[in-house]
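Next come two complexes built around chain A: one with chain B, the other with chain C.
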Partner chain A sequence: MAGRANPWTTGLFAALILLFTGGPVLLSLLGSLIPDRVLLDQGSSLFAEGLNFDGYRYVFTGELPRAYQAENANRAMISDAARQVPASLINSGIIALSAMVLNILLGAPAAFLFARYLFPGKKLSFLFLILSPLVPAVALVTPIYIMLQSMGLLGTRTGIILVHTARALPFTVLILSVFFRKMPAELFEAATLDHCSRFQAFWRIALPLALPSIGATGLFAFMLSYSEYMFAMVLSGDAGARPVSVVMAALARNTDVSWSLLNTAIFIAIVPTLVLVVLVWRFVVEGLLSGSVKG
Partner chain B sequence: MASVELRNVTKRFGAFTAVQGVDLSIRDRELVVFVGPSGCGKSTLLRMIAGLESISAGELLIGGRPANQVAAANRGIAMVFQSYALYPHMTVRENMGFALRMLGTDRGEIERRVRAAAATLQLEGLLDRRPKELSGGQRQRVAIGRAITREPDVFLFDEPLSNLDAGLRAQMRVEIARLHRQLDTTMIYVTHDQVEAMTLAERIVVLNGGRIEQQGAPLELYERPANRFVAGFLGQPRMNFVPLGGTGGQVAPWLELLAPPGRAATLGVRPDGFEIHAAPSAGTVPAEVVLVEQLGNVSLIHLRIDGLPDLLTVEQRDKSDLRSGDTVQLQPQPRRSHVFDNSGARIDWS
Partner chain C sequence: MWEIRRFPVLWLLPALLPVALMTLYPVAYALWTSLHSVMLLFPGEPFVGLDNYARVIQSNYFQDALANSLAFTAAAAPLVVVLGTLMALFLRRRFFGVQVVRSIVLLPWVLPGAISAVLWIWVFHPSFGVLNGLLRNLHLIEGSIGWLTSPRLAFVSVVVAHVWTQIPFTVVLVMAALAAINPETLEAAAIDCKSSWRRFWYVIFPEIKAMIVVLIVYNALTAFTSYDLVYAMTGGGPGTATTLLSFQIWRESFSMYDFGAGSAVAFIVVLISAVLILAITRALPSDLFGSE
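And then the complex of A and B:
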């Protein structure tokens, strides 16, 4: 190493990064706790009326915020979409977790085979898998819509889960196969001599060693699904299968919507990812570090 | 315990032939060392015996039974890898018992065998550690322990000591020799280190270019190398080779002294096979001292003889009084001189 970076520069960059990543989250939290009146009035201080949880109460219980009732102009500002947020969160959770689990279940064995074994058509199928994300998603919307329609999966979570799984799978396989390829071949030769079948070598040797990477790629698949909008919008229909990305878009499209309500919905939508990142990230980082100090 | 027999075994990787028509018969309980430079096919040969590489042509018999088509796990062999190949996520105990667990051996028996192997290798205190908490030598011992618990008929070692430092290597070498006596099992050991080969082997198989150059007891190979390659490969420092070119040119006095047959093309003398004299006499050739290396118990003297392409290395007991620039008279001992023909094959004469 050629000397350490200036601590001031490091601090500055860290602060900038924090500002761009944490800033919006903080703003939406703040915005959700302050009534519109105060938010939009440049004359008064932000905390003039204190903080209140009216937005959250409305989203979860449907109880109208007092402020809107008093002003008698609440109809346009209150959006029905905000009431859909809790249900859509559950939908998103189910969809994203399922896509994540399916990605790991399908992607990890596939990646292992691609990384460690020769089979006819290996190159071609791998190329196909890796290049498939290059097809613009827009071009696929219609064919996939028709396909799911014929399968009777329109407006269901299952349909969206399948599409999200397929969208993330190339990345899962690519990332994990790189990881499996880095494992020393002798480890698997030893396993072969120790009476392991291919599946046992995967299950008992490769998988435990790859857990951090699997955690990271699983998280990636979750995020991809959680934030996906186009397919979710087209395939969820109007029914109860709508994930949070679709509901948030509907909420944001309403030009008259209350700012504090929009911010409430935004913050609620962020929470599950934050929780998951905190839970999984520590495990992922710990795993990566423990792997790096072999020698 | 089992014998291993190779009949005309060949391994091809595409157009490249790694092992070519090897015939070899390893007796039950024998410790055989495959030695040769990198790329000579020794590891490939071992991996074919292990079942990690398929056999392109020829026949492999383990314990008298054809093994070409037998799966690696069912050949009754255990292998110790160069990189140890321990499972990083398992403890020493789990590593050593893994194969037995996969076979469905009952827990008590696994524990008994693991404990026995651990006792043999002084690993008792380390059974609950993971590989990354062990030193290189300890890891190597665990790798050997993993092989022992399987109670195989044949042990295969693939350069097991090359990742260790010199001191530890010498120590583990002794331990492997002791282990062979104690377990009394067939062992096949691959190394590129001729010292390991000389010290461990009951029989050395020298490989080069995918073929066996010579096989036999270590000292037999050292004293009567079948060809120039074996002569040059075994022994440290290396044997000196002097081209004779008909009448011998500069070293003509040696030819008169040794009187080898006319087809002799190269003279080979080990560093300890020369005599250094102060005054010229019959059979001596003048040589200039280029460098003297004092190793304490011996001295290595590098000499130049005019007209010879390479420097000669001569080993003397104790320390040497010679200095660079001195001129001495050099004479090979007839008993310790080898001659090789144009093709490099040994010529027996006396």
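And then the complex of A and C:
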């Protein structure tokens, strides 16, 4: 079904998708390069004062943007939280990558069994897994806080990793088992004929074939952790373990922070993550579209 | 399907244990709280049975929030899955620049909720917003439209923003499911079916149905329990136009310090979510939840 369509409609659809998904972010990039007084002045052209990188310089070096040093400018429009963004990105990276790896390691074997085997307790354990995410996170914040406190994990990345892993696992298992079930049964029948053990069937046949799907699922676990806010806020405590979602929310809620500085912070936070996600996604798409799951 | 006679502890425990750890005690705690009067301002935590539930259900706030959450879910979840599936089908094509489009589609994903909210306020803001600016420049409107200040439009706006944040996940998984279809099936279909709609409905859709069901369930749950994006955009207003149930849990617990009532709302949410999931899986039977 690849590309026999009219190039004009293809172009139109592509443009619409780009506009919808990328538009708001493009605005943010523009906002980070244009001083507030130009942005908020409806009369003047957006580019009246040109573009400048002062916001970026401030975040990385601490040098105050020119706009805030001018006479009568409000010094309160600058916030230290913007300077926490790079460090919080590292925190987020560690937390989300750990949650992703743990999700695949812990979830893939279970998903494989749910997809391919019958065993006593299957229905019950599956039901438990898919019902557990029904409880809204807001209701669990207090008891989980108390629990992690007693384990001495408050204010650590480990605590947040543990919670994020557990929150994503039910979905990881569910999604992966859909992929495992889609694999052609003959493959595994051949494996049983060859006296492959269950582990060998999983490790040698299922895993390599499912690699792109595992990549897509891993991406899901990564993003769920990366953008999670409530647990991250309550469990991270002071600045030390704060991931980017918490720092960004602090910035976004601080009405004193200028638009351009906020947009700068947004952009600095987006770029490394986007690069990482796109790289993984490329690998996933290429694996998928080259048809490695042909069977 | 092969049979195993014993419960496969080694294979399943690694997945079940962390989930149990983060579910059993916290849920038991919340359940206990919902049956007791737990208020910060009053010492002692007497057992009150279902009083919290009765009190919560009778409050106007709750009824508004419930209606809003149901409407929000009914609007957002199907929209996300339909739009996401269409985009995924489209992005399987090869055309100049498709790599770029495939990457840009992921953008909404890398933004935490609070930030997505800021970006969408920037779009919908009545006086500084881009949307009103655009409409004004095209001379379609005079003055401004209150995207976030009129109750109905505010609701539409938060649905749009929520759909935006959830699209990438659906695109990723539908593309993955599409790619897992046996190419021979597709080739045969291309020969047999002339119309692309019939090809989708009779050949492609049955193959990705299980994934679509997972996505509808996931999106219904996410929409039904979401709050941070919407709260950051509108604060639940104007009035109670965009107050969602999860926000209601938060308000009862952490702003009224009535933890019993907060937990009661939470369990009503659990109950409704369970019914929702059941309804979805009944309406769209797939071999997903049974054992075939």
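One rule holds in what follows: the second predicted complex is superposed on the first by the 268 of 295 C-alpha atoms of A that agree within 3 Å, B and C clash if a C-alpha of one lies under 4 Å from a C-alpha of the other, contacts with A are read in each partner's own complex, and residues count from 1 in each chain.
Here, a residue touches a chain if its C-beta (ideal position, glycine included) is under 8 Å from a C-beta of that chain, and two chains touch if they have at least 3 such contacts.
Small disclaimer: the values here were computed from a predicted structure and weren't measured.
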Worksheet item: If you stack the two complexes on chain A, which partner ends up touching A:Ile205: first (chain B), second (chain C), both, or neither?
Response: first
Discussion item. Taking the superposition on A as described, I'd like to know which of chain B and chain C A:Ile90 touches: first, second, both or neither.
Written reply: neither
Practice prompt. Considering only the touch criterion stated at the top, classify A:Glu186 as touching first (chain B), second (chain C), both, or neither.
Written response: first
Worksheet item: Which holds for A:Leu12: it touches chain B only (first), chain C only (second), both, or neither?
Response: neither
Discussion item. Once chain A of both complexes is superposed, is A:Lys123 in touch with chain B (first), chain C (second), both, or neither?
Written reply: second
Fill in: chain C versus chain B, contacts on chain A by residue
C
Item to complete: Once the structures are superposed on A, label A:Pro109 by its partner contacts, choosing first (chain B), second (chain C), both or neither.
Response: second
Worksheet item: Same chain A residues contacting chain B and chain C, which ones?
Response: 184, 192, 293-295
Practice prompt. Could you please specify the touching residues of chain B with respect to chain A in the complex?
Written response: 50-52, 72-73, 77-79, 81-83, 85, 87-89, 98-99, 102-103, 132, 146, 150
Worksheet, complete the sentence: Residue positions on chain A within touch of chain C in the complex are 1-3, 5, 7, 10, 13-14, 17-18, 20-25, 27-28, 31, 39-40, 42, 102, 105-107, 109-113, 116-123, 125-126, 128-140, 142-144, 146-147, 162-163, 165-167, 169-171, 173-175, 178-179, 181-182, 184, 192, 212-213, 216, 219-220, 223, 226-227, 229-230, 244-245, 248-249, 252-253, 262, 266, 269-270, 273-274, 277-278, 281-282, 284-285, 288-289, 291, 293-295
Discussion item. Touching residues of chain A toward chain B in the complex: what are they?
Written reply: 184, 186-187, 189-196, 200, 205, 208-209, 290, 293-295
Worksheet, complete the sentence: Counting only contacts in the complex, chain C reaches chain A at residues 1-8, 10-12, 14-16, 18-23, 25-27, 29-30, 87, 90-95, 97-99, 101-120, 122-123, 128, 130, 133, 164, 167-169, 172-173, 175-177, 179-180, 182-183, 186, 190, 196, 199, 207, 210-211, 214, 218, 221, 225, 227-228, 232, 245-246, 249-250, 253, 259, 262-263, 266-267, 269-270, 273-274, 277, 287-289, 291
